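What follows is chain A paired twice: with chain B in the first complex and chain C in the second.
After this line comes the complex of A and B, so read on.
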């Protein structure tokens, strides 16, 4: 199955899925970070121009530090996300799904020197397009991936109906699908809702609007209403 | 189009995530996508460039403007491959006329500049909608995917320029530097060589050819994601699988067991294929039993034997109890041992106190030393203004008294008198000393007390405008004379000495 998410199994048998982020969203995250940095440099150079050559030296040092350690600082201290990444909803992680550390973050950010060749991250872009996990050279070397941050599960209220136990036992995935149906029922057209419910005709023993109603009842039972 | 055959994981995604799915589609089916794409794009680009060879910019514009027509090729391949009907190169090429014919004019006129082009293309090509229906359909679909589609267009445009410029810069980096200079010169010049236009057009086309399929697939995936949201494709797939499973298990089992036990809604499960603990409710006792059962399993119930030395209860209390029991009887070996240990501990306490005192003493001594050395060396590290001044005008240089008050009023006259009296060394020494005193106090030359004669000359030379060059020359001459007299015992000629004495006042006397 083609997918951009990679699943990892922990020793405890827990399945984690990393939803890998691709070049477009990362490009925009970088643009945001770059704008922030440029604004910072302009403000700094405006302030420091009054202090003459010392200010100039200070500015150069600060620019050097920000340019190289801005991503490292934010990635390590702020849950893998620079402000730009945070805005775009992505973050950096180790390949094994653990929080990114100093070593990996330093490596992946220092290797920007390789990625930004020959022009505006050309190598990084090509590397992202051809590698399996959208990795630029720095990511490959440091063993990191950029992933979408897990969204908090939003429990939309499912439509009220008299709870009724499903006629059969269902696996977790099947229960999840049923709940998805109930939660998203409002966003589907009525025809589509009934069409979907008809798929489970053998189980609910109903058709059309009645089938939808039955599935909603089952979903109510599944979320614990009695 | 059968959803069951879909080759990608169907789930509602964040819009950006679906773009990424499109990108990975291109990576996955790169062969069936890029081969027909190259087979049409490359010849077309060459033909256009050759016919318009006099106007390379126009050629580029034509290629760019007709791009949406060719976008249909990758879309055709991706959309078929995704639903399990991956076309081979020949099939794709055979489908070309049909692909191009559809909405030929509209695509090149009113819809050419649609910023969300990649997203609306599937609506045309895959749903075969047109006119009012298409507009309505697009309006429904594009609700929150529209923005992302526009951003995608902008990003892909940037990518094309990055790759094209990157190719050019890579070329400049890799060729020898003199060739690179010529190349660069030609590229930046307006009236450039004949090969500049084809080369730059070539780079741009190469970049376009690389990026465009990603762009098209990204838009297609956005469209798919929107439909997944709107039509619950993921739900449909799960439901179908569930229905399939039930049908299969019913076929296998002779009996179908659907037992609804009263109002409590408890489902009893008997079919082995359907056993899932989530739906059976256990009473508290049953649950307890089950838990105990689980914990009795070997995984939770390992026993290990370990041998080693471990401290038991504190011995002091034990002895106290023993003492109480034995009512102060004869002292056992244990009591002796305890007293011995206590004595040892007491000695330890004393030693610890001693060490503490010693350490504090050390701290005091170190602090005192620090203060002493600070006071001692303070002048050397800048120090006060007074100290610096004192250092600037030393009292003695190489054993000579250089305080102004040690000089006679008429230095030159006195020196000449001394010379005539035969005290040659004293005479020259007096001249030299007088010169130094004047330089230090009148001209403000900074001399360290450790300076040598050579250092003095160097200082005077580096003083620049403050001292006239004649004076510097004179001082140099005087120093040389003094040095050869003092260290080599070589007497200067009488004329030289006379000259020195006569000239001295011009240089050092005036303001005195």
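After this line comes the complex of A and C, so read on.
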């Protein structure tokens, strides 16, 4: 599996697997959030300039709230994702896989100030690179982790083909690899399909399109179609 | 059992669980949904957990395993996530939890207070003996601005009338909220750097305030300055010290984790310190309110302002010494 996947044991004794989000995707999410905030500030200050000093006071309070609590609000009320995170398909959760709560979200976002130092999220980046789960200082203290919400690969059903038992006995790992190939087959170009199938000549005993066909037949047999 | 049979046999169970997950996207709807659908959710969930283990063990295809993994993950989050905080918990925090937490941290509180008040008092007296010391802390521009804010003839105290011609109370309220609570949060967050950030902000603010007070008494603005700061000083200064205490708690966890790993110590310190930050932020909101609407007015006699200031100090100290004493958790 990918080296950024992290396994988590639930009270039922099963392992969940999570995919940890790295610094780059989190940076994109931050940029989106930053743009949203800047737009919000501009609109607000444009509207509130007509209301004089009372509006100025209001504006300063709103700016304060947005500055510090924008991420907290969205993370707690919208399933762990600010608009930027949502757009990038990532979300925050507790280390134990539960939805992030007020306390943890507040800790991780207040400590953003420490991550920002000495400039441009320097400490946060170093912390992400040396910690196992790409955690910035705020994540470490709050016990939170940022993970991908959606799976990247598009899985399709294994294409129908006349089932055929594999010519040789296969280990479970090999069977697993074959099934994965079959499930991804529809998303690959024909050339790439055949190229991959060629590497399994020992099993299929064929080359090119015939090899692909044979492997799909084997996959059909392996999932139990008869 | 081969994969297709497995899927077709359990498909209905999975769809039922999916339907339950869909039904209660909003948390409160969850309970209603369970009753309406007449299903035993925990049982269903445990079954699916079992299916996930089986599917992994039997090396079923990634498609099946990931689907089950997603179901279990969503179920886990729905079933185990903590409940939201209610009004009751807020009251408990305000009258019991917060003052208790502060008392439990008395050592760090004392240290933070010393780091803040010693430079402050030191600079205040240094400015009496050696008035030019003010230039080593503030720039001439800042000094000029400060002098005009507390000039005896100023219409409103603590406002720079040259820049913000029509600065009024609500605007200043917003300014104090943004500025002061921001400082409080920074003082907290800085503690994560092995306490250094908290120490810096405490000492720096102590020096600054002490110098300002010292300089203003030197140039004859004693009454305007002290009658301005008297009202909000108790809330504001205490809140800054508390933010420092919270930050130190984080830093100390890293420096002296005891028998825990640094990581564990830090997580515990995070949970312990965050109530102090909430509390300090609330106090700073209060301080900003007093500062904007009460402290700046010149209509009220300085003697009244000093009295109110002392009352605030007594209330704040009394609160932290006695609130929530002897109550069961």
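Methods note: the second predicted complex is superposed on the first by the 165 of 226 C-alpha atoms of A that agree within 3 Å, B and C clash if a C-alpha of one lies under 4 Å from a C-alpha of the other, contacts with A are read in each partner's own complex, and residues count from 1 in each chain.
Definition applied: a residue touches a chain if its C-beta (ideal position, glycine included) is under 8 Å from a C-beta of that chain, and two chains touch if they have at least 3 such contacts.
Bear in mind the structure is a predicted one, so any value in this text is a computation, not a measurement.
Chemist: Going by the contact rule set out at the top, does A:180 touch chain B (first), chain C (second), both, or neither?
Modeler: A:180 contacts both chain B and chain C.
Chemist: Would you sort A:60 into first (chain B), second (chain C), both or neither based on which partner it touches?
Modeler: In the superposition, A:60 touches chain C alone.
Chemist: Is A:130 touching the first partner chain B, the second partner chain C, both, or neither of them?
Modeler: A:130 sits against chain B, while chain C stays out of touch.
Chemist: Thinking of the overlay built on chain A, is A:225 touched by chain B (first), by chain C (second), by both, or by neither?
Modeler: Second partner only, chain C.
Chemist: Does chain B (first) or chain C (second) touch A:172, or do both, or does neither?
Modeler: The answer is both, since A:172 touches chain B and chain C.
Chemist: Jot down the residues of chain A that show up as touching in both complexes, chain B in one and chain C in the other.
Modeler: In chain A, residues 117, 123, 151, 172-173, 175-176, 180 are touched by chain B and also by chain C.
Chemist: Per the contact definition, I'd like the list of chain A residues that touch chain C in the complex.
Modeler: 10-18, 52-54, 56-61, 63-64, 67-68, 93, 96-99, 101-103, 106-107, 110-114, 117, 123, 137, 140-143, 151, 155, 157-158, 172-173, 175-176, 179-180, 182-183, 222-225
Chemist: Spell out the part of chain C that touches chain A in their complex, as residue ranges.
Modeler: Counting only chain C, the residues touching chain A are 1-6, 45-46, 49-50, 52-53, 56, 58-63, 66, 69-70, 72-73, 76-77, 80-82, 84-85, 166-175, 177-178, 181-182, 185-186, 188-190, 192-193, 197, 250, 263, 266-267, 269-271, 274, 277-278.
Chemist: Could you list, by residue number, the parts of chain B that touch chain A in their complex?
Modeler: On the chain B side, the touching residues are 7-9, 14, 16-17, 19-21, 23-25, 27-28, 82, 151-152, 155-156, 158-159, 162-163, 165-167, 169-170, 173, 210, 214, 218, 229-232, 234-236, 238-243, 246-247, 258, 260, 265-267, 269, 274-276, 278-279.
Chemist: Tell me, which parts of chain A touch chain B in their complex?
Modeler: Interface residues on the chain A side: 1-5, 19-25, 27-28, 88-89, 117-123, 125-126, 129-130, 132, 134, 148, 151, 163-177, 180-181, 184, 187-188, 192, 196, 199-203, 221, 226.
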